[in-house]
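One chain, subunit A, links the two complexes that follow: it is found with subunit B in the first and with subunit C in the second.
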Partner chain A sequence: MSIAPQLLRGPSLMAEILLSEAEKAFIHHGDDLRCDGRTRLDYRPIILETGLVSNASGSSRLRLANSDVLVGVKVELASPLSEKPLEGRLEFFVDCSANATPEFEGRGGEDLANEICRFLQMSYMSGDTINLSELSVLAGQQCWVLYVDILILECGGNLYDTVSLAVKSALYTTQIPSIKVATMDGDQPELELSEDPYDTKRLNTQNVPCLVTLMKIGNHYLVDPTPEEECCSSSGVVVAVSGSKKITAVRKIGSGSLHPESLVSMLKTASEVGAVVNKILMKKLLEEETAGKTQKVGFMR
Partner chain B sequence: MPVDSRRLQGPESAFSYTLLEKKDANAEESILSADLQKMLIDSNHVRKDKRKPTDARPLFLRTGIISQAKGSAYIEQGNTKLVCGVYGPREVQKKSDFRLNGQLFCEFKFAPFSCQKRRSHQQDNEELVLSGLLREALEAAVCLHHFPKAQVEVNIMVIENDGSPLAAALTCASLALASASIPMYDLVIGAAVRQLPKLLLLDPTKDEEWQPKLNHDENNSNLTVGFMPSMQQICAYVHEGVSNPEELEQMLKIVTEYCLKVQPVVQLCLKETVEKMLASEGENNDAE
Partner chain C sequence: MVDIRLASEVPLFDIVADSTEPKHLVTPGSLITKETGFMRGHGTYMQDDCLYASVAGVVERVNQLISVRPLKSRYHGEIGDVVIGRITEVSQKRWKLDTNARLDSVLLLQSVNLPGGELRRRSAEDELSMRQYLKEGDLVSAEVQNIFNDGALSLHTRSMKYGKLSQGCLVKVSPSLIRRQKTHFHNLPCGASIIMGNNGFVWICPTLHEDVAGGFVQNLETVPHADRQAISRLRNCVTALAQCKMMLYDTSIMHAYDASINAGFEIKDLLLPDKITEIALMVRKQFEMEKE
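What follows is the complex of A and B.
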């Protein structure tokens, strides 16, 4: 009876994943072949659709095998932070609802949600990834705030990667309305919203990072772990890789430890994998955009 | 953000006067890495506090400073000062939290006056995440199976933050745990390094630490590592900022080398603690 390390700190009602000794042995010692036929560096199939939520400024739904995530971005006007008067900002909020998995019941998902939020914030912070000064409307007074709300509909392992891909796609489609400072009435500026609802701009998301989780199992490590694999592993790393193949944030997850050498090799692999994932995601997003209006599939399907 | 109504809150619009400080030539926004490097280090490769890039700040360690705690430690790393108290192992109070292995409970707290900006009394998001990182790091080092169904509390209070608080907290917490006679596989030594485009600064101060800023044209980052020297294992790894994997490898090397140097110091401190403990026990026995 083992429990996925990411969920270890949840309260009681753990949905235990039952694994037989033989299954564990296979996961630990199997060759470059996993239970579902993948090699160690393969992802599971991903389904992605954007623009599903009509009330959001940008949205996406991403399903990676059994992990299902819906992301909505709302843009709002606010005054900038006093320490950063020339920048707008991104606010992440992850909702681990109890619907996704019983571990999230009560306050169970809170820690995990907090961790994901904070890590996203961390990986988006460096100047390389997203240009926050584009979000400034009136220096020191008004700026755009992008509220990125992440709803976890189903939890089937590898949440970090799933969430990050969905967030990137949602930000890609986010439309920020054009706004002009019309007149300065004394101290009070008057903001004028463009009358044309299609007069919008989009963020440059080329360099926005994707997260890659590598789990260390036995003497190997693998990407996109299933819940069964997660509970056979005691440690791993989450690496944020930007579109330009650079690493923008790393942290170790799980309660185990790693040898420096294997850690370094994991980081190298993660940056390779991340670059490929980024490239494919951007390609698919562009494909969807150019395909024009097609029948929406919708979420929870 | 929920606020504690029993505490006196400042007006909502209050902000630190330091923000009004005049900055030369819109400095911060337009700082390029080259200028930044010049600001932190002079032409002779000496840092502002007279250290070489690969020098750490002087370290001061002491155990047994909280009489009520099972074990405690105090660390001073330059101006970064923090205390750690370890309580337990004690029975897990909530039945729902039952687990067969022992559990660690970590609380990381900055004193309200410890940073340049005032911090709230309640744990904020950053502190929660730091608590989690600390717990994950220590869980790898503590023999949890030695105290089943019980929990050990590790409380960190940062009194003064002058950079690399997590690194200092890791060293301090493992020392406090050891002085509380909690079985561990190895001591955890924390260390941090700041990366500038062509330069690595070990054990950065607050001014040297990486801050998220725009217009950084090249690689800039901060790395904190918890290392178990005798086991050669990394139990904490937090990296923020932009780097290539090759650079990370180099940063890791510098950090682990430093940890190997610190290990005997921590061991010495622990040895003195044990000697003192034995001596006082001897006195007690004599008195009887």
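What follows is the complex of A and C.
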């Protein structure tokens, strides 16, 4: 029986690239020294900017080497889900721009977008990550819905991590308008939006998860894989780690298998790495906030 | 382990480049001239008797011919150029290669040296076993032999220095950053070899020995740690120089390499934006000193 190769490959991480046998061997033999001189647990430099999109409630742009992600958060009033009347909700939407790679043209990026979307949804589901009851306005009738729109502008490997960091930064800056429940007009409550545009509240994003991708190469695993490394690896895990070092979701990627022992050690490493990433990101976000209004750098540089 | 920076903290990379701004900078659609009597060159188009730019770049004029040289473009091949390409397709009597040109380049079966003597007729068996010599994904160094009418390049590897590449690391930069030189193959004193493809593909690998190059065999043995370190450092130096838009050739790369060692930077430090500008400034200073 023959199986189509695309079924064997499993969920694709991103656009496939071609590599020769020798290049793969070179990457495989790298003993804690990767092609760009990093050790296995090093990230490439990350560049962050928030508040670029003026008409969004919160936004961020994050670049990790050549991966470029723009995230905008928009808050809107809606009625809560009937099974969770006391909570607001988050809705994710990922768009893979055809500018990133020609393969995303048309519906090409849809699978990848759905995968990222689903996994984000899953990792935010745990009650420890974000307090959704903060988003409730009027129990059972009105709540805030946060629409998180993610635009992938460029792919340079390790999309999951890049997207999660950008989403966290955007949520950190999201301003939710203050709202008051005014007089009850019969059964219908009247909502009164504060007139001061600066009268807003912010979410507690301390525990919002960061995703950490670990790819297995040979007998070892590494964080922040480049596209070349992704191409060499047959399996890996994406782990969502909250600020309190808790793992909120795990997903295996690639078609290869993982030994139970290595899986346990990968999860352990991921939670440690995730905690560090979370801490540094929060520190930087606070730094940017306290620096106050500076000239935005944006895309023109 | 993790380095997060705010966009405002990242230095501008172009502070290193010459600050003289080119005079006639245009963007696509900008009007070049309303006067008639000029000839339409590359990168321009005519509309309502006016000449417009079709690419972003610098306007150049030779007598009556006006053309726009793009700031960023794909590789424009010239006969005799050394290029590095990746096989994308094996077809009848030819391989297709990605060389960063507008069209895939072609490597004909008749323009490669087959194993077992230089002068040999290409038999039907050779045609059938093409994939054993070169298959999809393989990297080759080659020379531009000819340019077809449609602009596609025809390559050849009929010299012992060209052929399939083995272990190493490929860096892609803009083709305009590669300085044309007598030789594009360098054995650097730091214990690695570098091939600077005119098409902007730079190949860094363990020191090449004359006698083994040019074949179709790949050496898959582990590369010693010291060699790997040299390769990684060179790779980061090349990307650093390229980010600062500095010309790439053996001297500039060696200056960057030495500067990074003298400054005591670790290999992975060279990925950081501030270290990149520092290295580029040091290289520039070195060149200025040599000029005096």
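Criterion: the second predicted complex is superposed on the first by the 280 of 301 C-alpha atoms of A that agree within 3 Å, B and C clash if a C-alpha of one lies under 4 Å from a C-alpha of the other, contacts with A are read in each partner's own complex, and residues count from 1 in each chain.
By definition in this document, contacts are C-beta pairs under 8 Å (C-beta built on N, C-alpha and C of every residue); 3 or more make two chains touch, one makes a residue touch a chain.
Fair warning: this is a prediction, and the values are worked out from it, not measured in the lab.
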item	value
Touching partner for A:154 - first (subunit B), second (subunit C), both, neither	neither
First (subunit B), second (subunit C), both or neither touched by A:105	neither
Subunit B versus subunit C as contact partner of A:19, first or second or both or neither	second
Partner chain(s) touched by A:288 [first = subunit B, second = subunit C, both, neither]	second
Subunit B versus subunit C as contact partner of A:91, first or second or both or neither	neither
Which of subunit B and subunit C A:271 touches, first, second, both or neither	first
First, second, both or neither for A:42, with subunit B first and subunit C second	second
Partner chain(s) touched by A:30 [first = subunit B, second = subunit C, both, neither]	second
Interfacial residue positions of subunit B with respect to subunit A in the complex	15, 19, 29, 96-98, 125-126, 128-129, 132-133, 136-137, 139-141, 212-216, 219-221, 228, 231-245, 248-249, 252-253, 256
Contact set on subunit A toward subunit B in their complex	11-12, 82-83, 86-87, 111, 114-115, 117-118, 122, 125-128, 131-133, 235, 237, 242, 245-260, 263-264, 267-268, 270-271
In the complex, subunit C residues that touch subunit A	1-8, 10, 12, 86-88, 136-139, 165-170, 218-220, 222-223, 225, 228-229, 231-233, 235-236, 266-268, 270-273
Sites on subunit A touched by subunit C in the complex	18-23, 25-26, 29-31, 33-39, 41-49, 61, 65, 165, 273, 276-277, 280-281, 284, 287-288, 291, 294-298, 301
